[in-house]
Amino acid sequence: MGTRVAVAGASGYAGGELLRLIAGHPELQLTAATAHQQAGAAAGQVHPQLAATALGEWPLVATDPAALGEADLIFLALPHGESAALAARLPASAKVVDLGADHRLVDPAAWTEWYGGPHAGAWTYGLPELPGHRSAIAGADRVAATGCYAATVTLALAPLLAAGLVEPADVVVVAASGTSGAGRAAKPHLLASEVMGGLSPYKVGAHQHVPEIKQATGAASISFTPLLAPMPRGILATVTARPARSVTVDEAREVLDTAYQGEPFVRLLPAGQWPHTGATLGANTCLLQAGVDRDSGRVLVTSALDNLGKGAAGQAVQCANLMLGLPETAGLATIGVAP
Amino acid sequence: MGTRVAVAGASGYAGGELLRLIAGHPELQLTAATAHQQAGAAAGQVHPQLAATALGEWPLVATDPAALGEADLIFLALPHGESAALAARLPASAKVVDLGADHRLVDPAAWTEWYGGPHAGAWTYGLPELPGHRSAIAGADRVAATGCYAATVTLALAPLLAAGLVEPADVVVVAASGTSGAGRAAKPHLLASEVMGGLSPYKVGAHQHVPEIKQATGAASISFTPLLAPMPRGILATVTARPARSVTVDEAREVLDTAYQGEPFVRLLPAGQWPHTGATLGANTCLLQAGVDRDSGRVLVTSALDNLGKGAAGQAVQCANLMLGLPETAGLATIGVAP
Amino acid sequence: MGTRVAVAGASGYAGGELLRLIAGHPELQLTAATAHQQAGAAAGQVHPQLAATALGEWPLVATDPAALGEADLIFLALPHGESAALAARLPASAKVVDLGADHRLVDPAAWTEWYGGPHAGAWTYGLPELPGHRSAIAGADRVAATGCYAATVTLALAPLLAAGLVEPADVVVVAASGTSGAGRAAKPHLLASEVMGGLSPYKVGAHQHVPEIKQATGAASISFTPLLAPMPRGILATVTARPARSVTVDEAREVLDTAYQGEPFVRLLPAGQWPHTGATLGANTCLLQAGVDRDSGRVLVTSALDNLGKGAAGQAVQCANLMLGLPETAGLATIGVAP
Amino acid sequence: MGTRVAVAGASGYAGGELLRLIAGHPELQLTAATAHQQAGAAAGQVHPQLAATALGEWPLVATDPAALGEADLIFLALPHGESAALAARLPASAKVVDLGADHRLVDPAAWTEWYGGPHAGAWTYGLPELPGHRSAIAGADRVAATGCYAATVTLALAPLLAAGLVEPADVVVVAASGTSGAGRAAKPHLLASEVMGGLSPYKVGAHQHVPEIKQATGAASISFTPLLAPMPRGILATVTARPARSVTVDEAREVLDTAYQGEPFVRLLPAGQWPHTGATLGANTCLLQAGVDRDSGRVLVTSALDNLGKGAAGQAVQCANLMLGLPETAGLATIGVAP
């Protein structure tokens, strides 16, 4: 029979990836997929990749607690700021994983500063690889999955800070994302003609994932610059921090290796091999490599993942697996589709 | 325990895709992966996507019958012209799926004309969706999987010809392939700088898949122009043919629909929706749509698949599943990774 | 001082390319650039490439005959169907080059069939390389520049038909365009996430450039399939036709070579070298190569150009040069920006 | 008649761009183009964009002082480490612009540390926009043009340091380059299949442009991480530095605006508009924008240019113009080919 799951916001890119993962999951069974403007359309019209299967004919219905409420677990893949209102109307009996930002921040002031408006309250933060988080997620009914940039940066940075290797007040991050991270709304600057063949920054020095990264890693200050890259998926983050003391590459690698020993989805690459976002396509994998800058001595970690995989839908399914008592890796690939 | 399989030519793109599919297959177990120049390297060094798992440490060994021969089934993913010699030295007890061209053509003269040199003899042709082929493959010990272009074009064209809808002597095909179809040898014209942002033809009017398509479809004459497209994976074929009589879109669709009724991997899209190669990425899926040209009346079928999926490694695993008595869809995705 | 020119529809991609070409033209001087929704914006906000110069601060004004009428020559770069109404209100003293389709077709019935609505009447067709057209354009006050696909296909096909080498009733064309050819309106299927990494057909068998190509070449029937390719600019057309008699590659090349002898912007490549769209980027160049299909004997010409260059703005400036008595090549590059 | 120029290393990407720029230059006339492996080939075979013109038939000859020596000015576009030996054999009467690294560094120890081997001595550094450099270049017979990353970063950073706005010992740079920056040698990791659709770092923390940037800007320490981006051309550098005191965006912009007042090729964009590499394609333009990071207070400048334009061949022609007493902008575009 399987566990019944529903997806709110199934017409976006994260929603489409959730439908793909649910279709390939051995235990999950879709009961409802909802949308706003696309309600009434078949899933395969909205997501051409689904048209290859019977799931392509699945009708998207209007987003509504009644449509969702029969599921054992509900994924919310809505624009930031829209999930809290819906979540409040969902039955307490249903577990919920929110892929949006509404319930990620603990500090109401940080929420108001970076997102505006009143805070809806924090849920359990959905990054199982952080110390203590796996069991918290397993015991939670409401989980706020991480932001895509936040996951990429946090997995690189948290162990360095926890080990005292780097200064919490001097972290500089430049992270480039594929266009699916910017969503599916038809905005002029996201047109293929504009994006292909070039690179540009956006939300410079003011991206809303900054407080989330600080909260998740304990960093005191982060300079964060996001770039839009000419690729559909993938995030590559270059995370550099001033060393707290003289640090060698081996020490930095040792810290990461220890932190992720036994983790199925986070991998420190062999020495000398650097992450490529293409290697994570469609998988729930984060690839890491550490270095020490020759001239400045800064510690550097490069982190790569699929923004719709470990950065969104894959992460959410991983959390759902934990919440439902299923094997954590069920339905999730670790090997990306490459080249 | 699982069925033991080996891959010869594991360092190329088709070989890498085979390793990915085998790793995710519920019944297959890898016993050996061989390479020429890359022998001695770890699989994850050669295929970065494998570095996310323990498979990344799997050592590639030299291509040699002894290394391969303990497997129950051996995949040959070698350059055209190299598999016949190796195949002759493999134990008769091992089943073999050849992804190369060496054993595809029945007519020795066609082999000599298009490939040169002596013909190694034909094996069972590995396109299960052709009439009668599924059972032949299931009963065979040696199968020649289809060429990537041949699969794309044949799935579009064969039913039209079989139904007598179009003239076998007037078929015109233009098919664009992603660069992985051109292999992994470091040739100057395959450099990213050369390929990105532009489109160009190659082997114009003289591609070696022509005789294979004619053999598989019964076409009497094919004009075939391949293009190199700025994408890593995917083939989009535009197959047009002069109608044998006045043909409507509905008739053409009906013929395709009937031909692929119940097929898990070939899908006629709903009327009005055209195939996009991106929707097949990483899947063993071929998407089809038919039309009739308004001005000329020619019947037209567009066919899209992943050249490394249904065009190579996926097709080969599908054949292997049949040969081994496993469920035909085992270990194969139908939903592509998109966008 | 220079000749005063104005651009209506300066916010689109063809409009932006016109502004770039005018800025680099030794004789033309911009007097007005108009837009609809973007009226009020500076040119450099709308076209970031212009922001590198003082032209970036040039204000776009509302599209209006008064704003345009002081120019000696006016370029209309408006959506199809919008230029006729504006053209009717422009002063007779101003020369006009229309980049839209409104005045291309001679046959009112063809207009109504393919575009709908009443026909605005034909202007001199702006493809100087066709026999007799250069002098006609030089003497005209109103010129309808060619469509992007029409230019690509016509330059390949017209000489073959004129020489009687191929059958006018059996022409099959597949042409792939970069996304700028689809315009700048923010439509979901033109998002970078949708387009990058894949290929798909559109308007299959029913593209409105068919009657234009037939009119310009004398073809009796054309099967035309357009594809959307993952690149910002460029069209690659594969034009095949049944030979009227047995034709060799040398004969086909000879016909093209003769047709374009001395032409500055159309080039038959040396034998064995095939056109690459990337080689035409930013230039007013069309590259050609001919072949004969080995299996079918069909004559084949591959044609490549920049859809915004020789396919739109470059072509329009070339016509304007002729109309104004300037050197035909003034302000136009022949060497593309590659790689 | 024009000034006679020659290009050594005309088969690479920078060499090809030099040939394109020389062909469009009103004063320069090509006398020789040399190559190693490609000697004997026609320029249009090696650079397809040149095949559109008579220049396509220009024969590349072996690299040799005699072949080059009749020119008034010689461009050296050779791999790093190869230009010094050739330069020593060129006639003193010929002016030389070296696009390679051999003569950029003043400090022999820095050369030996970062490049290895003995130092060939420094030439006048070819970045005209640095204080005092324009007149030095105009008076020089030997000029070492800047490295592509060095130009991108230096133009962003030098004014901030000169104005005392930021700390020279705390500069962190992440810069992404298109693949043409990695040259034209057919290396496996530069294949289109590997590069398209993904992003990866390389030479992490150890790129040889670091000492050049330090020398040109006066920075005391730089953390520099280069990325390979899926685009053929363009560099986007994110340059961040710890402020020496509290700095506002307006102050940072003011410093850049003052530094580049009147410069034809370096442009501070209007407030709120961020550089896009695509806007610089084929031009000799560098686009800048400044910001201050909201959380960390770091000063940030984004810098974009075409690595083959202002980052290589364009820069070299700009220097040549100065050395030859020609208008500095002759033959150089400021508006990029976009989209």
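Should a chain be cited, it is by its letter among A, B, C and D, assigned in written order, with residues numbered from 1 in that chain.
The working rule: contacts are C-beta pairs under 8 Å (C-beta built on N, C-alpha and C of every residue); 3 or more make two chains touch, one makes a residue touch a chain.
In this text the structure is predicted, and so the values were computed from the model without any measurement.
Engineer: Please report the minimal path length, in steps, between chain A and chain C on the chain touch graph.
Structural biologist: Step count on the best path from chain A to chain C: 1.
Engineer: Any idea whether C-D or A-D has more C-beta pairs in contact?
Structural biologist: A-D
Engineer: Which chain's centre, taken as the mean of its Cα atoms, is farthest from the centre of chain B?
Structural biologist: Looking at centroid distances, D is the chain farthest away.
Engineer: Could you give the separation in Å between the centres of chain A and chain D, each centre being the mean of its C-alpha atoms?
Structural biologist: Those two chain centres are 37 Å apart.
Engineer: Quick one: report the Å distance separating chain C from chain D, using the average Cα coordinate of each chain.
Structural biologist: 34
Engineer: Which chain B residues reach two or more other chains?
Structural biologist: 13, 180, 193-194, 196-197, 230-233, 276, 278-279, 281, 338-339
Engineer: So how do the chains connect up here, line, ring, star, complete, or something else (other)?
Structural biologist: Topology of touching chains reads as complete, every chain touching all others.
Engineer: Which stretch or stretches of chain C touch chain D in the complex?
Structural biologist: So the residues of chain C in touch with chain D come to 13, 16, 20, 23-24, 42, 44-45, 47-53, 55-56, 180, 196-197, 232-233, 265, 267, 269-270, 273, 276, 278-283, 285, 287, 333-339.
Engineer: Within their complex, state which residues of chain B touch chain C.
Structural biologist: Contact set of chain B toward chain C: 171-172, 174, 176, 193-194, 196-202, 204-206, 210, 214, 221-225, 227, 229-234, 236, 238, 240, 274-279, 281, 289, 291-298, 300, 302, 304, 338-339.
Engineer: Mind pulling up the chain D residues that touch chain B in the complex?
Structural biologist: 13, 178-180, 182, 184, 186-188, 190-197, 230-232
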